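Sharing a structure, written as structure tokens. Questions coming.
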Amino acid sequence: MIHVVNGPNLNLLGKRETEIYGKTTLADIQRQLEDLAFCNSAEISFFQSNHEGEILDYLQKLTARDQVILNPGGLGHTSVALRDCISAIDSTVIEVHLSNIFARETFRRKSLISPVCKGVISGFGSDVYKIALNWLLERV
Amino acid sequence: MIHVVNGPNLNLLGKRETEIYGKTTLADIQRQLEDLAFCNSAEISFFQSNHEGEILDYLQKLTARDQVILNPGGLGHTSVALRDCISAIDSTVIEVHLSNIFARETFRRKSLISPVCKGVISGFGSDVYKIALNWLLERV
Amino acid sequence: MIHVVNGPNLNLLGKRETEIYGKTTLADIQRQLEDLAFCNSAEISFFQSNHEGEILDYLQKLTARDQVILNPGGLGHTSVALRDCISAIDSTVIEVHLSNIFARETFRRKSLISPVCKGVISGFGSDVYKIALNWLLERV
Amino acid sequence: MIHVVNGPNLNLLGKRETEIYGKTTLADIQRQLEDLAFCNSAEISFFQSNHEGEILDYLQKLTARDQVILNPGGLGHTSVALRDCISAIDSTVIEVHLSNIFARETFRRKSLISPVCKGVISGFGSDVYKIALNWLLERV
Amino acid sequence: MIHVVNGPNLNLLGKRETEIYGKTTLADIQRQLEDLAFCNSAEISFFQSNHEGEILDYLQKLTARDQVILNPGGLGHTSVALRDCISAIDSTVIEVHLSNIFARETFRRKSLISPVCKGVISGFGSDVYKIALNWLLERV
Amino acid sequence: MIHVVNGPNLNLLGKRETEIYGKTTLADIQRQLEDLAFCNSAEISFFQSNHEGEILDYLQKLTARDQVILNPGGLGHTSVALRDCISAIDSTVIEVHLSNIFARETFRRKSLISPVCKGVISGFGSDVYKIALNWLLERV
Amino acid sequence: MIHVVNGPNLNLLGKRETEIYGKTTLADIQRQLEDLAFCNSAEISFFQSNHEGEILDYLQKLTARDQVILNPGGLGHTSVALRDCISAIDSTVIEVHLSNIFARETFRRKSLISPVCKGVISGFGSDVYKIALNWLLERV
Amino acid sequence: MIHVVNGPNLNLLGKRETEIYGKTTLADIQRQLEDLAFCNSAEISFFQSNHEGEILDYLQKLTARDQVILNPGGLGHTSVALRDCISAIDSTVIEVHLSNIFARETFRRKSLISPVCKGVISGFGSDVYKIALNWLLERV
Amino acid sequence: MIHVVNGPNLNLLGKRETEIYGKTTLADIQRQLEDLAFCNSAEISFFQSNHEGEILDYLQKLTARDQVILNPGGLGHTSVALRDCISAIDSTVIEVHLSNIFARETFRRKSLISPVCKGVISGFGSDVYKIALNWLLERV
Amino acid sequence: MIHVVNGPNLNLLGKRETEIYGKTTLADIQRQLEDLAFCNSAEISFFQSNHEGEILDYLQKLTARDQVILNPGGLGHTSVALRDCISAIDSTVIEVHLSNIFARETFRRKSLISPVCKGVISGFGSDVYKIALNWLLERV
Amino acid sequence: MIHVVNGPNLNLLGKRETEIYGKTTLADIQRQLEDLAFCNSAEISFFQSNHEGEILDYLQKLTARDQVILNPGGLGHTSVALRDCISAIDSTVIEVHLSNIFARETFRRKSLISPVCKGVISGFGSDVYKIALNWLLERV
Amino acid sequence: MIHVVNGPNLNLLGKRETEIYGKTTLADIQRQLEDLAFCNSAEISFFQSNHEGEILDYLQKLTARDQVILNPGGLGHTSVALRDCISAIDSTVIEVHLSNIFARETFRRKSLISPVCKGVISGFGSDVYKIALNWLLERV
């Protein structure tokens, strides 16, 4: 199954700072991705949490047959635990960021988890989820 | 409403390391602030958690009419997620620290959240809460 | 028109170090992308050079109606001139890397051009071109 | 006595860059603080200088019965002599900054004098003086 | 009582990456330590969590009569809150790591909690728990 | 003879990003400088290239009787080869920059070639060429 | 009016270390500039001080109609107060240095005031004043 | 055979700075370890030197059947030669430190030899030798 | 075949800065090496360019039967593209420098290409070519 | 003549922080040095100022026949102007510090003026003046 | 005379880690070099020590007529004393390393002695000695 | 007794690099100091070694009644063992350097032992010994 996992503050998407991030909510994205998965006869699971621990709990249950689209939010820059978790599980994990993190504050340019992910997609707004999903669907 | 939000370990205030931090507990502080708010016909809400996620959940529900006195504890030095959350919400947030963090270990001198707060008050012991509350009450 | 621009050493793709980069050559990739573009009634132009100056000459001629998929090779880490050029032109530029540059040597993790590109796609092998092209085709 | 000491360029307050710092002048602030002190039967002394040496001369004359509200201006980031002076005298010194220095250029985030001050108040505009004075008046 | 506290991802021990960490699970370790404690008429309590907050909650309840063997996992490198918590409580805390953290990535070599622990034992595989427990048992 | 040598992207001057750099083109500047040189009975040669190698080829042919006004563009921050070339030739070389490079991104503040140039003029827009030429003409 | 402001030790020009800085004194420079200004019907004012505070006092009195040629001497590398002052006043300020500061000790290569000046001229000996004055005279 | 190797200044143990390191001398420790080895029918050899060269000479003679408990003293932070020696020999080497080196000066926190040792035990006073010996004895 | 490849500015050898580099020209060196190769019945090819791209073009054509003596000039310190090229080709590459680069400016001490070359010879003047050639000839 | 020049805060010597610096005042030191000079038929001049500018004014008047014992106080760590001044004048300058600055805060360990002084004497309390004077007297 | 001086651990050459360094022992190398020297009627002296002090003693006795091939082992990265010694003596010293030190750990890339040696040869296995000797023999 | 201890290479004093260090040998200095001590009825012991270990052996035998003038040579910048030794013994230790180490290479400006010495005297040539001895003799 394909899991779309979202870190802290991504539940605010489309509700706050809409002048920057647009008015697409996480629910909108979920619907789009579910449609896209359905057309490809794939199953999709959607998850968001502000709790690092809950994200770890979620990821730890996955197996080699699972695939993950992960938007770590702020955790990507600070959580060694998240990195260790991705290393430990056998799932393919793709890191996505809505904004181009390389064009922002210095501390956002270093992602602890990038080295243990399959690849990174950053800066295409909410399209990053669809881009990642498309790649996963084609690979099957 | 005015929210007094306290990060990890602040529930130990007045119970441990009393030779450093004094014997005033967080409950004592809460009572003082509630009295002060009552005298000014203001409403106050008090919150403490050792869980970063719970603090994010709490803050995300606030609106532009809310105001926050935030003692982030150790999270201020490490949590990009907390910084992102403060950026996202519309409430005025004041960062307070009981001790003068600039007179302590090097890693405590860099606060990730200071740049997105209205202001910083550091080093007056438990009075930092009252100082912040007074300023908020006067501004109304 | 969509331009696929490749920096130094990418002409060796599929011929050297095939155990790392696979046997797909740049010509193979060109054919795939041309097919994909043709199916979408889009025009595509393919370019590779080992000369920084030639890449600058090429990019400078583009206009706001052009779109660029750029694999800068080693130049992305060292060329301020390439960065200035991307800033100056009005075309949308997408940065792609075959390997996950964040899982490699330290000096490869800092890209000078990322901050002036629309977005970054890194680590999906030769699929990065197709991913970028698909996104550009959908946007039209 | 309570001494309000202001470093270089603070005499320009309210006259230059008013779009940033507002139209309150240092004279306005002085009047407000004097009123506030008068109501509390406290004495207040106001001082501003562009000369590091004059500020040192002023501070050196103070005793343990004096209390200082110090806005060091640019000197706070560069003057070891000012730090040594604060260490040497017995007065309580509170460091205040009109703007939130942590949200500005990197070199402003490091204050040499913070470690030897009682506390720091930063980012509430001209209110920082009143906040500090209130705290000092209550403590008496 | 002696508390064995394990941070994020340690519940995966013996189940994932067994070629690196061996096939001993956390449950196996728990049984060994309980046997060892029983033979020495000591009581032992075992705890694991992926949630920083739960670990803080757990540790805060301990007293000077408790002793802790702490494997912080990734939290040891990032959590100022965990450090503050260890400083605040009166229990003796021993930091253990299965692998030799000094032979791994640079960011793993700096532990925020080492300076506030009694001592550090790193690199003897799952034996680190037994080594620490033996030392605690002998000291009683 | 006096040589005005321009590095990468300066051919775009006055055509792109005109809101920043103004509408004066490199051709305009060339005409102005040629007029100024003509009035002073001096000969002038104008050169621009996006190719580091061509600039090196050009400079290497100069002798002690030649004088150079060099706007290195992005090469000034990255090219040790350009620095070595300036060191090797006997011509007086003046480094000019249209914008004040010290007020821009950090990586632009370090120029590899400044230490081997006669002097640096930065930040007066297209006037930097005229300022440098005037100084050279007066010195003859 | 055009103000030529000189920082610490520039009064020694032409009297000490003449083998490095030549025998032109500050008085000689003043005479040359006054002549040049007179020929252009411009007024000029000359000022030197070893006291940071006096330089701040002087600059603070200037208005948008004034223009400044500033040789900060050693203060340019260390004085945040001088930087703040230049930011605050509305006059155009040109930073000049007799020697090429980029070819000297590392600590001289970083100027705190360059980012808030109009431009920088460095390394043409005492001609830097004349170059700056000429540019100012032409602009009128 | 098990070798206990001690670097510079450890011969002073128990004789100087006893308020810090206690009154247990190296001879005392030797006796304890010999007793413990004897009870386990193991042979032990004790060595101390202030000379880096002698320690290298000693270690180079060991074989894969030897095991080493090494307290490098100050050499651990500075000696690449010691690191190379440990890499070259086939013996298991355990690094021990009496004090918790992570709670001391910054330069003590980086050990050059840790990455090539089996493991590190730091901060349990003179017990570190016994802890290491016990582990070695159990492994046989 | 053995290829002697020279980077930017090496064509100036023996013509400029002869007091430092001596009067031996690159042509002289070529003649000496050709003689030496002829005596050993080996073929030699000589190449110099100021263009990074031409050097890459040249190197990319080589096979495992080719061997390279490479004096990268300034490119060795700045060109990731050159490093990638050397990694990609199968030829043995020896890095040579006329001067002892470790006794010069800091930025010259870091060579990007050294880690991917067979070895480095630095500081014996024009003899470095002969030393490298001799070693290659003996190995055949 | 021999000049004893004291920077900021040294006038407080013996009056504040006497538990650290002792009860010897600057006046006491002056008397001792004058006696010592008198016995050696040497003339001595004593100067203290909190103003950087006054110290520069004072030093600039000295000639090659003058000799200086300079306790720069905090200025030694921050004043490039003071360094330039010492470089410019022809007098022998000896830097003295009452405390051992190398055993104090990190920012005190770097003295900007040491490289341009004849020598440095640090850490013998008020004896540093006498030690320096003795050396100067013997040299005559 | 030509002296071949070897630092710590080089006596282990060919005996330990033979999969990396090969089976050539230091005795083998000595024999080869002696043969080569004999054929050229040159005298050679061979020395190895694990003691920094003995190496210094050895080198200090040499004169301008002596020449040194020095493999410093780990000392090259750490010993200022060795650097000072090479500076002090008049012999030509060539630094050699068996492995390419630039392709290894970061701390091995910085050699303290390179700046005071004639040249550096690194990465050709045990041939580095022969390469250096050949160059010395030819120069005579 | 007063011990004058000299580190590596100081035995070369007056014999090598005499243009820098003068022609005074260590024996000359010894004679001068012995005369000076004799006149003051003090006993003096002189020691030099190129071996760190021998210097440690020597220093470890001293007691609180001994006093040390220590010229550590290169060891002062690299030896944690020497620092630990000085910390451990009860003798007063004065660090002396012939040259002004602050005016030399960067790596010489950091002395590991300064923080644990009584004081530092640097830059008066061979007089540093006499200056230190005089201070010790007066203190008795």
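Letters A, B, C, D, E, F, G, H, I, J, K and L mark the chains as written, and numbering starts fresh at 1 in each.
One rule holds for everything that comes next: a residue touches a chain if its C-beta (ideal position, glycine included) is under 8 Å from a C-beta of that chain, and two chains touch if they have at least 3 such contacts.
Quick caveat, the model's predicted, so the values are computed rather than measured.
Student: Return the chains common to the contact lists of chain A and chain I.
Tutor: C
Student: If each hop has to land on a touching chain, what is the smallest number of hops from chain E to chain H?
Tutor: Between chain E and chain H, the shortest chain-hopping route counts 1.
Student: Counting contact pairs by residue number and requiring over half to coincide, which of C-I, D-J or I-K is equivalent to E-H?
Tutor: I-K
Student: Same or different interface residues for chain I and chain K, judged by whether over half of the residue numbers are used by both?
Tutor: same
Student: Would you kindly tell me how far, in whole Å, the mean C-alpha position of chain C lies from that of chain B?
Tutor: Distance between chain centres: 48 Å.
Student: What whole-number Å value describes the gap between the mean CA coordinates of chain D and chain K?
Tutor: Inter-chain centre distance comes to 63 Å.
Student: With chain centres taken as the means of their Cα atoms, state the distance from chain F to chain L in Å.
Tutor: The mean C-alpha positions of chain F and chain L differ by 55 Å.
Student: Multi-chain contacts in chain E: which residues touch at least two other chains?
Tutor: Residues 51-54, 78 of chain E touch two or more partner chains.
Student: Who touches whom among the chains?
Tutor: The set of touching chain pairs is A-B, A-C, A-E, B-D, B-E, C-F, C-I, D-G, D-J, E-H, F-G, F-I, G-J, H-K, H-L, I-K, J-L, K-L.
Student: Sort out for me which residues of chain H touch chain L in the complex.
Tutor: Touching chain L: residues 7-9, 11-12, 16-17, 49-54, 73-75, 77-78, 107-108 of chain H.
Student: Can you tell me which positions in chain H touch chain K when the two form their complex?
Tutor: These residues of chain H touch chain K: 51-54, 56-57, 60, 78-85, 87-90, 112.
Student: Spell out the part of chain C that touches chain A in their complex, as residue ranges.
Tutor: Counting only chain C, the residues touching chain A are 100, 102-103, 109-111, 114-124, 127-128, 131, 134-135.
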